[in-house]
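The block underneath contains the structure these notes are about, expressed in structure tokens.
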């Protein structure tokens, strides 16, 4: 944790060995004070209920030394590379190469996605992980409509995910409705809640909207926890029916798919089915979003993000435009929620915390607001990267947080830094995201 | 009536703690224009540092409680302030002039870092401390055996809040630093042209906000007798709610909002249901914002076209 | 002066707290004519526009819009987007307000939002890609192309609006307003920041809009050469009140007008006098 800034102007500062040493010493000193009590002393509730503590000066010294060394290395690297500049970090030729690759990346990813169950048929773990990644891709694409296109900051997106999940879980367990009936219902209910929340609050601007959506997310979660008779409270809902392949169950019963096809039953069948199901749902989300962008409603969303006042001067009803964005995003969230419920077979309020909203928002922002490909890539990176730390459970969120900070500093405008126009006369050229506004609502 | 008075006292005490945290949100928002999502965790860190320094002092053989508390207060304010300073330098300053969502995401990331740093370094279990300040007064002996109690710790929380607020108001309204802060709040470029060191002023804003959060953390520790790594999240969003309710950017608004949230929560638990106290607080926030889109004391937004 | 008025402003008042930005202002704009609203900085011209286009709710007075078909609309009762959608009043802004991250063409497509919304069956038909929608979209693109051509930006159609030079942005904003097919076009200082050549081009554009589209124009302008050359009628404001009105020649020679400009800004007063000689 070196206490330095990454602004280019700082690189012009003196750069001798003494300077580096001084900087490293200051960093080490700061680290020493910061960690002195938190690392140097470990507290724990003792066996008699009182509090005991022991010291860990070794760990403290090691950490401070790491900061000292790390600071020197970072400073040396910085001088070696010259000023950290966005352009020098990603040189122009590389950028154009990337945009060329970008044209092929999306189809390549798509083909790869279709082949995943074929390639990894024997690796349950990878199939499971891919399903998880695709769920987040879908959530990211859904939230992208609200945040990336319409420029409305939604910190409670997980609420709609929860509404979708509980809608399916409760309808299926209480009324025995099938997944295919519940899926549209879950989307509609989530959209309905989106409108219900959106209607009164969408005239709020910027950070006021952010806190209201956050509050809404928490309200939904707290109601789920406390309305025990309906939702089962903290224990959640279990025994949620697994999806059927249009009525044919994917189990090892006599009427199951395996038996009907006369092949040996394997639990992987269901996994593969779930994989293609979420892939289809995500692609549908993507297709609809791409279509909507080229329709007047989608253009109005983006115009709203660019300049709300100008929209009103052009006769655009900004309230309904915002509501449709909110409802569309909520609906996709609801679909994803229903899928989540059927995949897990069990849901509880723990899956719908603010952290989840923050994660999806991070996926959208890191992807490059508004870019469908960017969202997919960042979901893959974040969820996949998160899995790399599976063995270090304790440190997982810590590393995740650090990665989030570093990624934001590295690419504040996200991985895909340009916007594709929705219509063109002669040349379909990307627009640099420096021009694209981020919205105020 | 007695029951009501008791809840009023409890609500004011809780509200004081929220208010102290809310000031940190509002100050940063006023000057940098970002929601410092990590601020709730700064409060949690403040609580932990108070706890650890208290343990260390006691085991060093100090026995004079007032002296111990004073040292604990100063130590936790100082170290927590350094946390605030460091976070601003690492996670926010590089993003100062960038896209609006980038610092917010960076702050959310920082909040994860702090929560999990404290979980990893101090363990996940709740840390209880025995009551340190005991005793109190019975204000009114009710007829059905219900007495209105005012405990010493409650007096202390409220007194500490008043003293800290008085100091803080003096700082903002009378000192050079306060003037610089107000200048930066109005117009950073102009302030820089007039010789205000903007970087330093922003750093100091984080330092002061974190120090106030440390006071709140210590009060929380003394009042509830426990800390845990997750307490920053809940207290943080409550205090943030308080800041927005009061009108984000407004310092008196933050305190007012804090008291309001504290009272709403306490009264709701007392008269309706404990389970839904947070739902009540959030719902009231939404309702207030619908009718007063910039909070209770926030400046109305004028739209220049 | 009792011609065919498209817009009649009747004792319009606008207060902000203690400030009276517009005080009992009355004037009228003739149909298919260019009416200029001039006055020193801070006179309240933009505020009048904001009242007409629904961004401010007037503290008092009436604003009537009489359409060609005889419909009369009380603008002070409509708000916000309905002014453009129902009353067909379009405007531009003193500080250009384009959608900078969208292309010039996209800007003009957004302007046709309401017509396209209807054609897309409130999105449903559009989502299905029905031919009727395709046809409507093609016509919209043609209209946008025609306007880009009119303002000389056809070759920049696919560039981001935020990347265009200043003068181009001004013209694009006018084209965008025209794509809403307005009956009354309100332009807030369209010549501000333009050089002499660009400002000459602007004159031609505005005259052609009046003559070919038959759109009535209400114009706020500082550049006296523009005002003198193209306006049919001039209204002069100072401190929120009307101090003179008439033909450009009459206004130009009015001592009250010269004094108002002299009091406000010497250079502008000289510009007024010079353009008279």
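Order of writing sets the chain letters: A, B and C. Residues in each chain are counted from 1.
Throughout what follows, a residue touches a chain if its C-beta (ideal position, glycine included) is under 8 Å from a C-beta of that chain, and two chains touch if they have at least 3 such contacts.
Labels paired with UniProt names: B = Branched-chain amino acid ABC transporter permease.
All values derive from a computational prediction rather than experimental measurement.
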Far-end chain from subunit C, centres as C-alpha averages: B
Chain with minimal offset from the mean of all protein Cα atoms: A
CA centroid of subunit A to CA centroid of subunit C, Å: 44
Length of the line joining the C-alpha centres of subunit A and subunit B, rounded to whole Å: 29
Computed distance of Cα centres, subunit C from subunit B, in Å: 50
For subunit C, residues contacting two or more additional chains: 55, 93, 97
Interface hub residues of subunit A, defined as touching at least two other chains: 309
Subunit B, residues touching no fewer than two other chains: 303, 305
List of subunit C residues in touch with subunit A within their complex: 53-55, 80-85, 90-91, 93, 97-103, 105-106, 109-114, 116-117, 120, 123, 126-127, 129, 141, 145, 154, 157-160, 162-163, 176-177, 180
Subunit B contact footprint on subunit A (complex, rising order): 1-7, 30, 33-34, 36-39, 41-45, 49-51, 53, 147, 153, 200-201, 203-205, 207-208, 210-212, 214-216, 218-219, 222-223, 225-226, 309, 354-355, 358, 361-362, 365-366, 369, 394-395, 397-398, 400-405, 408-409, 412-413, 438
Parts of subunit B lying in touch with subunit A, wherever the complex brings them together: 29, 35, 45, 48-49, 51-53, 55-56, 59, 75, 79, 82-83, 86, 89-91, 93-95, 98-106, 108-123, 125-130, 233, 237, 240-241, 244, 248, 275-276, 278-279, 282-283, 285-286, 289-290, 293-295, 301, 303, 305
Subunit A to subunit C touching residues, read off their complex: 288, 291-292, 295-297, 299-300, 302-303, 306-307, 309-318, 324, 419, 421-429, 431-433, 435-437
